[in-house]
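Across the two complexes that follow, chain A remains constant while its partner is chain B and subsequently chain C.
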Partner chain A sequence: MIDALAQLTVNGIALGAAYALAALGFVLVINAVGAVNFAHGDFVMAGGFLAVAISGYLPADLELPGLVVLPLTMLVAAGLGLLLSLIAYFPLRGRPPVSVFISTIAVAIILQHGTNAIFGPAPRAAPPVFGDGQVDLGIASVSMQQVAVIVVAAVLIGAVALVLSRTRFGRRLRAAAQDPEMAEAIGIDVPLMIAVTFALAISLAGATGALLANQFFVSPDDGGNYMLKAYIAVVIGGWGRIHGAVLGALLIGMFEVVVAAAASYVVAEALLYGALLAVLVLRPQGLFGEAEGRRA
Partner chain B sequence: MRKIIVATAQIAFLAGALSSGSALAESVDIPILVPITGFISLEGTAQRNGAVQALETPPAGVSVSYEVSDTSTSPEVAVNALRRAISKGKPVAAAASIFGTQMLAMLPIAKRAGLPLITVSGTAKLTELGNPYIFRFFPGDAVVKVAHARYAVEELGAKRPAIIYQTTSYGQSGRAELARILTKLGAPPVFEEALSVKVKDMLPAITRARAAKADMLLLHLHSGSTALVVRQARGAGWDVPIVAGSAMHQPTTAALLRPAELKGVCAESASSPISESTADVKAFTAEFRKRFKTEPDAFALGQYDGIRMVLAALKDGAKDAEGVRAWLSSHTHKGLAMTYKSDGKGNMAHDALILCYDGSGNAPRIVKRYDNVDGVLE
Partner chain C sequence: MRLALAILGSALLAAWGVGFAGPYEQQVLTIAGINALAVLGYQLVFGRLGALSLAQGIFFAVGAYATGLLATRWGLSFPVTFLVSILAPMLVALVVSIPVLRLGSHYFALATLGIAQLGTLVAVNWEDVTGGANGIYGVPEIAAFGQTVPVGSAMLVLVWGLVVFGVILFGLLTQGARGARLATLERSPLAAGAIGIDAGRTRLTLFLIGAGFAGAAGALQAHAVGVVSPAVARFDVMVAILAMAVIGGRGSALGAVLGAVLLTHLPEWFRAFESYYLIAYGVAVLATVILLPSGLAGLIRRTPARPPTRPPNWVATGPLAKSQTGFARPAGLARRPPATLTVAGAGKRFGGLIALEGVDLHISPGRIIGLIGPNGSGKTTLLNLISGLERADTGRVRLDAVDISGLPANHIARLGVARCFQHPDLPGELTAFEAVLAATPGDASAVDRAADSAADRAIGCLRELGIDMLASRRVSDLAAAEQRRLEIARALATQPRVLLLDEPAAGLGENERVDLARQLRQLAEGGLGILVVEHTMDFLLPLADRVVCLVAGRRVAEGEAAEVVRDPAAISAYFGEAPA
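And now, the complex of A and B:
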């Protein structure tokens, strides 16, 4: 019983870590432009397919191809993020946030159907980052890919937090997000900061997709599910709160796995949405409070 | 999104057509209305490819045109696609969605329009509604689940099976049949769990099935979910036999798993084109690979056989939709996968088989055939 609980906890943490990475990118865009990027989940899916495609170009005898695939996926995804900002955000800048909602929904649909057209409808698997195999912890067994998910998520989330809080560049990003007019007045190139934020956010989405596509495979219609998880994480953690989104995502991962094991998936899903409703009614600012002025 | 591919099949062998008194002079319309996007697009694409291959190679003297419409995953889109197909001309039949939920919505419209729907959807209820315009060329749950349960109990000795199924109508229909037959065979399920197609971490279900002391895992899931359960069960060190639904026979599902993970995994299906050794099926498989650059599965072959039977009806003199319906209802057709005959409700397929993976590769071997399960064929 204890073994099973430990195993479920490990799975919950790994799943939550991946959700946290997705939620981090999602909340970065919310903070930067004050609007929701509804294509974020589909960029997670696209990251998975990018990893599959990139791995196809690597030598077959390459050891640990995932270590090469992951940074390349993030790089290409960053480029897609820039493209997203140019196509779906900048032409609509200054319009009501709903315009960006709609444009990103359109991008999501294009991504989904484009992926289906290019790769086909079958689920695909990306290579593992640290290779196959299991690590025996005594009371639980952790797959190398779960270790990779947890380690990569921790490193990337830590790095983003460090850049945002400790570097001049990070302070400029935050300034552009918090008060664009004032930031522009003191000489910060706000559009550049916004474009960089999109690149960073989609790069994180790409990493999430590459990590999940090994353990859970990837299909062209997976994006909606990841989008929903990121959205719920942000609502639970506090709209616009970066650490809130990360912790919210970890909570969701743990909650899903543990409640599904104790009761059933249907109960877990019902309780998750029940909890979401409860947060919206009883603590609309989220568990960690809402960042001021972030809600569109 | 609506994705349309328009193509017209040729009039082949004009001399042969002229010599056949029953051959049609005019081109007839057979639309293809299947899900090629969304979570069931893998199966829907196989279905489309099977229909296209049949329509592109019509018998001498039969001329057909077709249009492919994506029904995606919602009943509304499927209904719109069907209405549009009916309004655009006078189709004599339509290849219709593998997704049972969509078929349930399309059936009343097909009945009003008098249009035969040719499908490979396994949802049992479709042929229990008294609608004379449905023709199912894939064995329904009442056939394949018999093979599924009997193989598990009679051949593998299951005494405490666990069922993991999808929350879709496909999943629920299969679960009900499986549970009923297993109980009849003296091995009622000790654990049942429904999964949404969005669920990725299967360990909670696997943990609970193990806690229930299940001695076998029976799956009735779509492709991705099937592969995830197999992988995670093996990853958790649970080596019980797994007898999966037809999704596991699909080459694309098996390709997701390592041979070692597939050891001890079996699947029910109507056929397995890549495993068959007959010349006709081999020729079909070779043509399919050449045309679509992918492996055919039982859904593709079932849909191919269904459309070939419609073309046989046209060749035999059926002039319109009602003529095709009457012909399909009353004739026996020898297809590539099996011999088809209506049971009076539109169930045309009555055979099933079991395939198993031996751990040495990703191609399954046919281990057991269950012919004429419901006694329709003489």
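And now, the complex of A and C:
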């Protein structure tokens, strides 16, 4: 019993850590431009396929190909994020937020069906980061990839938090997000900060995809699911709160693993959406937030 | 104009389909008409309310499954299955509307998406009822009253006939004063409340009707293809509806028809590219959002509601503006009896900040009360408390004997408290006439409906502010001073019993101020009590019968204008300390 619970906890944390990485990128864009990037989940999916594609170009005898694949995936994803901001955000600056919602839905469609056209509909697997195998912890057994997901997510989330809070660049990024006009007035290049935020956010999405595509495989129509998980994490964590989004994502991962084990995956999904509606109605400020003015 | 085009286009398309198209093209056109119905409903919610619902696809699925189940399992006839297919999604919409409709934009989108996901899970997993992944086979062709409607020309005519019906219904819901109210609600929700528009009821009505449209479309689709597969519950359906609405033109019936016909044919035209056409879908939506924000229908300008061409008879008797004495308003302009507004002990805190404390205020008919005080002294908060935008912590607000404290803003507005905002809050794409038309009482509760039509009343209000010559100009093209007057004209259209103005002279030139002061004085002489928040003393002091001075949320002085400006407390509030 204890063993089973410990195992579920480990699985839940690993899944939640990956969701947290996705939710972090999602909330960064929300804060920077006040708009929802509906294509975020499709960039997670694209990250998975990028990892698959990149690993195909690597020499077959390379040890731990995942260690090479992950940074390369993030780099390409960052480029895609820049592209996203150029085609789906900047032309619509100053228009109502719903325009960006729609433009990113369009990007999501293009990504999903573009990937389908290139790779086909079949699920694919990316190489593991630290290799295959299991680590036996006594009461639970952890796969090397789960360790990798938790470690990579912790490192990346920690790094983003450090950059945002401790560096001059991070302060500029936050200033541009909080009050673009004031930031502009004191000489911050706000469009540049927004572009960098998109690059960073999509790079994190790409990392999420590369990490998840090993254990869970990846197929072109997975995007919507990841987008929803990130979206829900941000809602239950409190709209626009970075820490809240990460906590919310961990909670969702845990919830999904536990309920799926107790009942089924379908029940877990249904309950998650039910819980989402309940949070929206009862605690629109999120589970962890103080009651304050609504931002959405 | 665009509505007429939509109806004409639908009729021509159907006629062409019957006369010249082969069976396959007839089927494609039928599906296009079905999509047009679903998109028409979506235009009400997404286009007119500006609410990004992502549940329209699942409402479509509910309609399709309802028809599939009732027709195959129980063999019910078309009139019954069709009615149930329309009502079932409306019922779902009604249930979810309770938590969902009051949510803000992103939350509304997510909540409706959550509902859609739940619906998809049910469709795929509740196999006993929905047939799971297999769906429901053998949905019969439409048959009612001894007639069958086989797929082909007959079905095509039926579907496009319903499209025409749908366009007419859409027009009834969105033209004239109704359309102006919807535009006001979408663009300036606060102002909508202040002119008495019941946002909750409007949203609910359109959300339900939109769901009904989707249900009807789903039902027709089940008959047209004979199968209900779980694909109807996939998010792709929602994406297609959204794409059709955006590309065709958001908020327009013509856009719904154009978008549906175009995007239903897209896969046919790009057949050679197999599944790549879905990429083209995405590219087309993206390009439209960026390059053509109003969609294809936006290429044809919207026809604004026309002001009455023949001036109402009272205009000849001489406009109010010329009268210098007494009660001389135009005979035709109905007005409610003025009322006394009393605020007693109003208090409001924001966290630790005391915005108002124990404020009393009395606005009698025919009097102009000036409300002055330094920035942050609580003037606008007091206006918000009276007009219901914020709820007081303590104190009561009465209109004559009726306690209006804590009522919703739109309710207070309909009882007769009208207000204007510090920054005119007007929907830019409407004409001045339409902006005022939106405020004319439209339902049976309106007072004295017989005296003049809503359009006459709207023109009359523009005339009272001396801007009737601007009636056909777009609000966004008006100068700031003109917008201020327009907002006051709009407030008058609600037939107010008390009028609250927040810095009406700000940004006006000297002559404009003189004009405005004269117009306000005349309104007061007509019996209306007016509260004017103002910083411009040379405008306010000669105008106001009494002046109230607020400092840090408390009333520090009250009296005749000449007294208050000499009051040490008021002076020290403005100048730091009393001059020696």
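Criterion: the second predicted complex is superposed on the first by the 288 of 296 C-alpha atoms of A that agree within 3 Å, B and C clash if a C-alpha of one lies under 4 Å from a C-alpha of the other, contacts with A are read in each partner's own complex, and residues count from 1 in each chain.
The working rule: a residue touches a chain if its C-beta (ideal position, glycine included) is under 8 Å from a C-beta of that chain, and two chains touch if they have at least 3 such contacts.
Note that the coordinates shown come from a computational prediction; the quantities given were computed from them, not determined experimentally.
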{"item": "Fit or clash between chain C and chain B when superposed on chain A", "value": "clash"}
{"item": "Touched partner set for A:A261, first chain B, second chain C, both or neither", "value": "first"}
{"item": "Which of chain B and chain C A:E269 touches, first, second, both or neither", "value": "both"}
{"item": "Chain B versus chain C as contact partner of A:L67, first or second or both or neither", "value": "neither"}
{"item": "Chain B versus chain C as contact partner of A:I109, first or second or both or neither", "value": "both"}
{"item": "Partner chain(s) touched by A:A53 [first = chain B, second = chain C, both, neither]", "value": "neither"}
{"item": "Chain B versus chain C as contact partner of A:P284, first or second or both or neither", "value": "second"}
{"item": "Listed stretches 225-233, 243-251, 405-413 or 531-539 of chain C, narrowed to the one that overlaps chain B", "value": "225-233"}
{"item": "Chain A residues contacted in one complex by chain B, in the other by chain C", "value": "109, 112-113, 116, 266, 269"}
{"item": "Residues on chain A engaged by chain B in the complex (per definition of touch)", "value": "4, 7-8, 11, 15, 109, 112-113, 116, 120-125, 134, 141, 143, 212, 215-217, 219-221, 225, 256-258, 260-261, 264-266, 268-269"}
{"item": "Of all residues in chain A, those that touch chain C in their complex", "value": "36, 87-88, 91-92, 95-99, 101-103, 105-110, 112-114, 116-117, 224, 228, 231-232, 235, 239, 266, 269-270, 273-274, 276-277, 280-281, 284, 294, 296"}
{"item": "Chain A-touching residues of chain B, taken from the complex the two chains share", "value": "1, 3, 36-39, 41-42, 44-45, 73, 167, 193-196, 198-201, 203-205, 207-208, 211, 223-224, 227-228, 235-237, 252-253, 255-256, 294"}
{"item": "Chain A-facing residues of chain C, complex", "value": "50, 52, 99-100, 103-107, 109-111, 113-115, 117-118, 121, 125, 235, 239, 242-243, 246, 275-276, 278-279, 281-283, 285-286, 289-290, 293"}
